[in-house]
Amino acid sequence: MTANAGSIGRSSGAKPSLKGKASRGSILADRAATVVLWGTGALVLLILGSIILHFAMAAWGVVSLSFILDNPSQTTLGGIMPVLWNSIYMLALTMLIAVPVGLLGGIYMAEYAGDNIVTGAIRFAEESISSVPSIVVGLFGLILFVDDFHWGFTALAGALALTFFNLPLMTRLSEQALRAVPQDERSASLALGATKWQTIRHVVVPLAIPGLITGVILTAGRVFGEAAVLLFTAGIGTPPHYNFMNLDITNPTSPWSPFRPATTLSVYIYKLNSEGLGAFKNQIVDGSAAILISMVLIFNLGARFVGRVLSRKLTAS
Amino acid sequence: MPITAVYPEPVLRRVEVTAPRAAVQVAARPADIKIATEHVSISYGDKVAVRDVSLTVQDRSILALIGPSGSGKSTFLRCFNRMNDLIPGASVKGEVCLDGENVMEADVSVVELRRRVGMVFQRPNPFPMSIYENVAYGPRRRGLNDRRKLNDLVETSLKRAALWDEVKDDLRRKSGLALSGGQQQRLCIARVLATDPEVILMDEPASALDPVSTLRIEELMRELREAYTIVIVTHNMQQAARVSDVTAFFTMADDRAGYLVEVGPTGQIFTRPSEQLTEDYISGRFG
Amino acid sequence: MASLTSAYPTSKLRAKPGLLERLDLPRRVVFVAAASMIIVVAMLMIFIVWQGTQLFVKDGYSLGAIFDAKWDPLADTPEFGILPFILGTIVVTAGALLISTPLSVGVALFLSEVAPKWAKSIVQPALEIFVGIPSVVWGWLGITVLVPFLADTFNGPIVISLPIVGTIFSMPGFLTGFSWLAGSLVLSIMVLPTITSVSYDAFRAVPQELRTGSLALGTTRWQMIRHILIPSALSGVLTAVVLGMTRAAGEALAVQMVIGNSPTLPEAITQPMTTLTSQITLDMGNTVFGEPWQDALWTMSLVLLVISITSVVLVRVINKRRMGS
Amino acid sequence: SSTGATPTAEPTDTPTPATPAAAMASVAASTAPVATPAPTTNCVTGTITTSGSTALQPLIQDAATAYAAECPGATITVNGGGSGTGLSQVLAGSVNIGESDVLANTKLATPDANSLVDHVVCRQGWIVVTNLDVTGVTNLTTQQNQDIWTGKDTNWNQVGGPDLPIVLIFRPASSGTRATFKKLVLNGMTEATGGTTLTLDTNGAVTTAITTTKGAVSVIGFSYYNDPTNKPLLNGLQLDGTDATIANVGSGTYKLAADGNLYTKGDATGLTAAFLQYMVGPEVQGTIIPKDSYGPISK
Amino acid sequence: MPITAVYPEPVLRRVEVTAPRAAVQVAARPADIKIATEHVSISYGDKVAVRDVSLTVQDRSILALIGPSGSGKSTFLRCFNRMNDLIPGASVKGEVCLDGENVMEADVSVVELRRRVGMVFQRPNPFPMSIYENVAYGPRRRGLNDRRKLNDLVETSLKRAALWDEVKDDLRRKSGLALSGGQQQRLCIARVLATDPEVILMDEPASALDPVSTLRIEELMRELREAYTIVIVTHNMQQAARVSDVTAFFTMADDRAGYLVEVGPTGQIFTRPSEQLTEDYISGRFG
């Protein structure tokens, strides 16, 4: 051994058995930590499980096909059809704007954005809106759309406020989905003499579709449950009985029209809790909450399923 | 082009070069020069990765770039088709001429350049689409949509890449990803051929492949040399010795900037290198 | 070998790009889409700043009068001290973070270091569902389950005494379940997914080599987590907590439903209190556009906006630090 | 503007009279909106929106539903939002009718308040209610109320009830209920604050809280108190010995009551006018108002 | 231990072996066997990566694992200190004995095992802390907190790793990440030495380093051999020839499962391999 080998050479005495109990303390600490960490995971599941169970039980006997398809009533259990319709309608209206703009914005951020002041500002804006309280966005919609534009409480005002609120999320999720496409694929396309846009259009976006769909569905879940933004923009009231045959979207009486107030399911829950009357108020809220949660579940499972199917389709033979 | 079998003394013990090659004159007639770089330096941000490299590549020849990891081989290779443009922070100085035209100039269309200078990567990277669509991708982007012409082109390209027989039966059904590694790499070559390039750049095209596939790719390169100019980066010195006409040896200085130590006919580099560094490297003293 | 050129039209290396190419329409379109966010934020900020400063500009209140403890909008000269609401927001958020941070970081560690694949594939979707549960549903659960539970379970004074030392802790019991604790509990569950997922990303971002480096030296997993992982991911975890804080401070409906909205600072976690958001939801509808009272509510919104923008800046600073080191 | 389609109408009111007669009626109505209830329902087609007081919302909602049932071409959308929202929005022209528990001139600047036209459509009453645990207390005098709500009395045994701390549940300071109670019962005295008080923003939330909180007391609207689900869960108190009934509100003996005000910007026209006329007509005043526990407008 | 300077005939042309080594007897006395594997097979999920490998490693010797990419060298190396336990889906069959004790058994403490079998990785991976703390990390976790002892240990370890002189001045201020690649790798070796291992595993420890650093690490390995048993994976055959006593050649079959072709004294493997496959590989016919 060389000169600088020092004094604590490799210990030559009896070696501890590998099964020895060296460092019992640290092993015990490790065991304890493992148990605690498993515990936290289990706790999350427990909380979610009991919430789902709670609503499943509360909704038992309340939720039925007629609960979903009937108009509300004060004297009977009635149904939630109009508010459920509004939720879906608002979702569609919001996604109609948020998805294309978010996707295109995501393309810019993932594919074009350089390191300059404008991109920096976009990122800052994106992060800012995501952290602005939804109620502030709602109030902003109230002044701008409802009052200044004289739209009053309308689905359009609500959808626009929701779009503002969710655009950053949509953009971020599309950006992530696009960035997840391996650089190799871009290089391969560009090296073949495809232009940048051709590469995006024919290689990057198709490959990102599973991620994009997941993004859309996750955003949809959030839009579906939002209430604070809508309280001050789309209105809070009892919707009239809708006539779905009225397809004239410029007519405020048509359920297809964006120029009418639209109380959504989550706003309806808030309203019933605040000023609901009638014997079935609590059951209706429980049932509505159960439906909201189920929709969120469906959105999530759907996102996973669609994402998996699409990516399998894209990658497998 | 008939191959004159003037093979240099075996380079490493037991190296059996399958297709002996002519030692190529480096100082060639200017007309034959396909690519010439002059004082090319490339940096990533402040960090210089390649310093002041000047060399020329003959038309229809194979140039191998060898050197230790990090010596800038890949970086240098990417300047031929301006793929460095895509790397944020990368900047290239100097001239890179393709057929006498400096491709670094601002008004050069990189799209056109990359059609003429194709590239094959280390990891086979077929697109997740059918084999047919993989090959037709480049032509389609060039605006070729005629069914018949496309079919012909796909077939010719796959044949040239020695893949046709293995895939012809489910060209349109099978995904490019369902092929084996070696087949995928040949598919990537076919895909490049379909855009009708003049130069093909290959960055360690066989390093992710098994021995049999590697030999196959090497064979293919020798065939393609008849019609294309090829620049290949390789870690495998035997591979460089086997396939290339000219070898360029890169290493890096203390500041870790890569530079060209020497370039010359492959036989000469592997038997009588003029630089001690080259000798140390190919003799395995480091690297 | 035959050239394939016959298949293609000829083109030159230096061919002048066509008008369409020079315009690069796609780039412009996607840029506009991304930049629209700047416009949205600019509008949002301008409107909220405009509205939020009316109290000073139009109604003539001084900044000092706003950051004061006295809130009495019905007095002859109404007083709009919003300090209690700001402090309320701070304490209820702090309470939520105190409950949520250890739990969330634990779950994040569980997911990134401990959980086998099957457990991950259950817990991760569960967290996503948590994110998706709307805040009105949390509020509803709060008033139908949590609030009565707290009121029934802890209705007497809460006293902890030791045999010799005597009373070491005492606290009034819940008069009603509407309380600081209820607000913090509801919020802690609502921010759990945020803190968890951001810290999870931070843990995932720690290079695998550091983990294997530590384990290969014969350390236990917990030693690796404690001495390598957590220090390395600290700034990421901090970011997570800041984001959780922002979310908690801005949450409106659920908190308002369970917190009791008493416009005073609580003396114990069992007492009702109020926050900026709950005061805004409470009074916004009952006040008239342009009256000082409503202007004060807008000022509160401005404070919320400032809090969230500050947190964005804070997160950036933290991350810059991380990149720097 | 003999057709009744007033071009100057600020709210986006789309009156399309079904018949010339209806058009005439609507013009007539706009000159004297509330004073002379029409014998039969005046049907005008179109769409109007209302927003405002949540206390009046059940009534307006029921009336709107009934009107729409009689007049198929009419759509009346009823929104809540609060009295302030109703006043702001009718002033801004965002809605056709704004409902308020309080008079516009207490909220708005004089010129703005003057631009609104007040239509009183009902009387509404409020009742002091407690948790069922507060046994033995059936009546509170004005004085006792003042002692309780200002924090002077803190235990129910001080007003003849059980030994139970008093938990005050307020409505927000900005709400009409709170303002009315403060004016009519507390004579403007300053209410208690602190750890034993809650503020909940709506009748619904208050009702839920009272039923679950021992010793709680609050003030809610008649319509919420008389709701068959709520009533058994609440202990409704007399005020100064007077029962909280609609009849006593009507006769003026029960003092915790106020007018329900519907505001329009300028005079009402078209469907707005027809609906306001319907509100004071026999249908609403005779049937819907008692059913929803409001009081009819007197004389 | 005196080194008998019986160096085999130079293996590859121009290889200058800096420290000639004794040819080691493979069939040694059982007492000298430090590690023995018996019928080790390792799979990732369904995919077999290493099939049925049995070999022994002498105490205080260097075993080099060579073979083409993907032949399972790293995977096999990781079974010595059970690092495969950390890879989800990886499963190891067979026996791996350290001093005659089977380390695969369930009641073996992997923590203890890894202290006795240290590991150095391909990419230097110092912890983001000071140089001192990097070296003290292992001992601290073992409960050593005595200031003086720690200081001594850090110094000895850094000296042994031939890094002391370069870093002694700002041991506590400088971050391990602020060192050059070669220094980082020596720091990682020092870090392992500080835990007092018996065996050191090295997976291509020099492949990310420059030539000078590489030579340094090789020198270091030869010094460490005096006290430790070393198993090294390398792509660089010259390196294997230069440093190892015994070389094991891995390759993979058609099903891409890695297996051991032959193992023997390094001199013999590089000059007279018994298998054609080995000969093909070391002569550069593939790989």
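We call the chains A, B, C, D and E, going by the order they appear; numbering starts again at 1 in every chain.
Simple rule for what comes next: a residue touches a chain if its C-beta (ideal position, glycine included) is under 8 Å from a C-beta of that chain, and two chains touch if they have at least 3 such contacts.
Just so you know, these numbers come straight off a predicted model, no measurement behind them.
A.B. asks: Going by C-alpha centres, which chain is most central here?
C.D. replies: Measuring from the global C-alpha mean, the nearest chain centre belongs to A.
A.B. asks: Using Cα averages as centroids, what's the distance between subunit A and subunit E in whole Å?
C.D. replies: Distance between chain centres, rounded to whole Å: 49 Å.
A.B. asks: Measure off the straight-line distance from the CA centroid of subunit A to the CA centroid of subunit C, and report it in whole Å.
C.D. replies: 16
A.B. asks: How big is the gap, in whole Å, between where the Cα atoms of subunit B centre and where those of subunit C centre?
C.D. replies: 52
A.B. asks: Out of subunit C, which residues touch more than one other chain, so two or more?
C.D. replies: Residues 143, 219-220, 223, 257, 281, 284, 289.
A.B. asks: Could you list which residues of subunit B touch at least two other chains?
C.D. replies: Residues 112-113, 115-116, 142 of subunit B each touch two or more of the other chains.
A.B. asks: If I count partner chains per residue in subunit A, which residues reach a count of at least 2?
C.D. replies: Correct list: 26-27, 147, 195, 232, 273.
A.B. asks: Go through the chains and record each pair that touches.
C.D. replies: Every pair of chains meeting the touch criterion: A-B, A-C, A-D, A-E, B-C, B-E, C-D, C-E.
A.B. asks: Where on subunit E is subunit B touching in the complex?
C.D. replies: These residues of subunit E touch subunit B: 12-16, 68-70, 207-208, 210-212, 214-215, 236-239, 241, 251-252, 256, 279-280, 282-287.
A.B. asks: Okay, in this complex, where on subunit C does subunit A touch?
C.D. replies: 21, 24, 26-27, 29-38, 40-44, 47-48, 51, 103, 106-107, 109-111, 113-115, 119, 122-123, 125-137, 139-141, 143-145, 189, 192, 219-223, 225-226, 243, 246-247, 249-253, 257, 277, 280-281, 284, 289, 298, 301, 304-305, 308-309, 311-312, 315-316
A.B. asks: Give every residue of subunit C touching subunit E within the complex, in rising order.
C.D. replies: 116-117, 207, 209-220, 223, 227-228, 231-232, 325
A.B. asks: Give the list of subunit A residues in touch with subunit C in this complex.
C.D. replies: Interface residues on subunit A, with respect to subunit C: 26-27, 29-30, 32-34, 36-41, 43-45, 47-48, 51, 54, 100-109, 111-113, 118, 121-122, 124-129, 131-137, 139-140, 143-144, 147, 164, 167-168, 171, 195-197, 200-201, 218, 221-222, 224-228, 231-232, 266-267, 269-270, 273, 282, 285, 289, 292-293, 296-297, 299-301, 304.
A.B. asks: So in the complex, which bits of subunit C are touching subunit B?
C.D. replies: Going by the criterion above, the answer is residues 1-5, 7-9, 11-17.
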